[in-house]
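Letters A, B, C and D mark the chains in the order given here, with residues in each chain numbered from 1 onward.
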């Protein structure tokens, strides 16, 4: 039993953190919004060159073979920076899922997908409007009881506007040509839903932390009634409440990642738990951060809303708090035995 | 106590309903935070005035109908039921209007109230300054009396509607030696006056809901002083009371949201867990309680009572309720709760309302300030 | 439309308030606890002499014929004082219900019940353990689909201990002899459940107000870090939150009372609403009052717990918040028409 | 990161479980707030010691087993699973024990730790004073050094367990000229010493969970000073950290409550609305999160890290969680949620826990104080 991160895990996290702090500033995100090109291909290429996109591929395929715990640390940083490009999606929903897919679909994806040069978008009933499909090479699509892979050129879709200008979404009208399968559907569907929940959970924790940091700085800086607003108990307590929520959501992320790594039979429950706790933390972070910022928080000028918008979107997709709650309840009551369980591990 | 509507009140309701059915624009207006939308909303104010519906509680001579607060609540219920446009002149009709009625001279009332009712003057608020937000007594913009006019210098911010409005009202420091609440005066300024510069502040939705107003040697006639020189704080407190209180936040808005939320849940209940029921019930119960409380307050006022810390209590209650209802709606909407596409009208409306609801606990005196007021004035706790 | 109280309604309230402030001090309640005789017959007689117990009987029966709105104002005061005797129960669950009961049961009650000299206890699935049955002349008992009246001497029961030492409860084992009926069961059952909800709601609002008053006084008096604790924002805000809850629960009480008076077809919904809002207000009043009192609030010595205990009991019986929530939801969704209702009246 | 138990850890768990199965009293002990119950609980401490289970993390020479924190968490899980009695000596084994280990002399450790492990010394806390509750620096009880002993005068209050305990530890002002945090010393006092008077304070359940301790010229040997003269504040801060932190509030207690709550809901779900599900899920999710966080912290400490503001974060989290779980249980119980009759064992237990849970946000530094600490130390906001 050792809950500490390895040096290597922390190193990946720090590399990503420092890269994004240089290359993914709020200003650069705003540039993308203004140009209506939120996907910055230059930044994408640099991330690819850093090895992030292939970080969790096996070494034989040119990757570093890092595990899901290290991934979750890295993805938290992508949330912290509100990175617009679908990096988390590639490494968590494509790379990490690949070994589970049947050969027919895997072959198609392998033929299409060239890590770093292009990417694959994903759609699922829990997140039905794929991200950056217009820029993607192909789409992995989950339906009620089948899943399929199609080249973007074989898909008829229209654009949808998200409340987060960093997210270009699409609605799929029809698919002309695809490879489809229902092999081990339950297992694979559950695997992608769990990964979607955990991935959005990681991003949300990063976003919540960022909003807390921005608010703490603002509360130190802004004066009212002759002193920094951060010296008022009301502001202190609303930010302390956010710190508490984040503190107790974060370990659920790492446990869920570890469960995926270990093929723990409860990994779906653990991923639902991680998203549930992170969404609640992010929800409070949005509310209390804007409140601590006062009217300034309500402006386009302050960076706060860059992070709030992403948080609102990520709370909603890949199963919101309500959906995760439902999964947890159903799992806990699925057997008499579960009802009295006391232990975490 | 007799909490039923009279025959006359019900007839009045029918009159409002019939008029609105005919006159409310069938197509939603553009956002009033755009130039074009603003003018559409000004047109709607004119239409309302053509039916004498600008402000039913005002005396007839100022464009009203001389009706009581209960009639006003009925009017509001029908207004929200008809999904009629947002009142672009709410700063005027709900805030400055009652203040003028109480503190204005006969000339001021004649000049301003009628133009307000017709939509010719759309008003913005000029309270906050960069160094004076929740702490309004820290105002530094000066208005120096020179003969029969004031010369104004300084800056206002968070002025709602100012991007396209015609006039602003607010507090200015007329006694330069004074500190805090003393030496402030309540002055009305046309935004056309030379020396006035308006710079819009884009808000969360990217539109200029607010603006900064810069004053550079702006000359304003002494006739635009409301009340006496130095009485500004007292008058502003009365206005702020109206703002938080029953005029601006009629219960119908929240009841309408609660009813829509219940319908949304009912339609989607097979796709979400039954746990959201508790929030839907809370929405109904609280919006209904708010309405009861406002009818209670209106009855008190009609019987000669006055409105006290109720406005602080109410502001906390409706702003938290409004946010909770929108948050619940987004949970019911599931994955579509990020779509603001025109093809996704329902989701887009709820998201817009959700973002707007974050403002509730902030503007018109943050909820933290309101809680201080309640603790100090109602519960008697020390400053 | 007039939400103001009449002079007469306020007069009844003030008479009861001033009586209880003299005769029902926390010390007198503690005396009852220590003697294990919470029911103070002396006080009961004085209340009877004041005319409170017959206040809502018709004038021809020696009462004042006051309405439910005036009753609810009076009962709020009984909550404020944490009055142990079952006065609210007599006037609201017996006197006010009587006209609705069928002749067979009404006759029996009339033969037994002598307003002021004795009293009748009530049991219902929502409040199955009748209050002071040992001292009562008889019991009105609601079952699944019948209701019955029995003399206390014909009932086999045992005592139960309540967490509020002011409440002597009993568990009914069997009834040897009774008059029973199922006439208009739905209507009468719903009428008693609504009255039970509203009655406990009134009492809870009074209790919440009392706890808030005690806490405000304590916060003025107690110093910490060199100033009264009431000058700290955290204390101010936790008490302001309680004030908000009470403010918006109170009008629901009066509306519900008015609905009963007017035989409004929605009176069951309105009574559920009143209990729902009052229980939530009382719940927060308990939590924030004890928190404002700090460790002192946790002692037997401070009077706070006298009011907390009663509040806990009254939150639980005659349908707790959860039960009322259920009633509200079912009513609101019982017809398509209800789903879009906008108006309060 | 490797969050699975090792073979050895699982064997240890089995050892604990088997021992507890045999030794935990079949009949619940009387309340430790009664004289008789207190002695029953002291007996249980002796029984625990007979199996070397007093404090598994202590060195063997002091009655422990020299095991690490993970083993301790496992021990606690089994302890709660077995529903073993409350540790009457928690002030000793969880608070003073670790403090002695860090600051005590060899003689002090030998004298006090063993007697603590055997249950011969049951300890009470002597922190608060009538004028020094959350503001502990306002302590006024004096301990004047006279040769080789201190003479103590003053009063302590809210001393938990003091009604029947043998010893107390706390802060005393040894430098009479000093103010606030300076000039305080950490001294151990036997409650048998002449001049000590203990007056119990009945708490919510009527039992004396706390007491006042009066000191009237009480003579205490200088050997009972922990650390150096004037170092009291520093040592007390370390102790308070243990208290809020992982030693005293092991996750198993809350996980056990959450598991019981889930069972209670499941059994009664046809009698309550599905809306309570959300609270039951929250209970599971939060107690599980708390456990994960504590294992995380334990791992950090084992790797040489130290515990910082985690203890303040944790204190807020578990105390709110504990109250919410008990409140939910009472809602599930419906009308029986007021019965403390012995015939209603389930309800009575939940109600007792419910009342107890109100204390969580108050004792060991109110949650308001903890939030100040988090804001100032973790988030860097100004004092």
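We take it that a contact is a pair of C-beta atoms (placed from the backbone, for glycine too) under 8 Å apart; a residue touches a chain by one contact, two chains touch by 3 or more.
All of these numbers come straight from a predicted model, not from anything done at the bench.
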More contacts between chains, C-D or A-D: A-D
Chain whose Cα centroid lies at the greatest distance from that of subunit C: A
Geometric centre distance via CA averages, subunit D-subunit B, whole Å: 52
Where subunit A and subunit B are represented by their mean Cα positions, the distance between them in whole Å: 39
Subunit D residues counted as touching two or more neighbouring chains: 273, 275, 277-278, 281, 368, 371
Residue numbers of subunit C (touch at least two other chains): 232-235, 237, 325, 329
Residues of subunit A touching subunit C in the complex: 232-234, 237
Sites on subunit B touched by subunit D in the complex: 273-275, 277-278, 281
Subunit D - residues contacting subunit A, complex: 1-6, 9, 70, 77, 80-81, 251-252, 255-256, 259, 262-263, 266, 277-278, 280-281, 284-286, 288-293, 295-296, 298-300, 302-303, 310, 313-314, 316-317, 368, 370-372, 374-376, 378-383
Residue numbers on subunit B that touch subunit A, as the complex places them: 128, 131, 133-135, 138, 158, 201-204, 206, 210, 272-273, 275-276, 323, 327, 330-344, 351, 354-355, 358-359, 361-363, 366-368, 371
Subunit D partner contacts - residues on subunit C that touch it in the complex: 126-129, 160-164, 167, 169, 223-225, 232, 234-235, 283, 286-287, 290-291, 294-295, 297-301, 305, 312-313, 315-318, 320-323, 325-326, 329
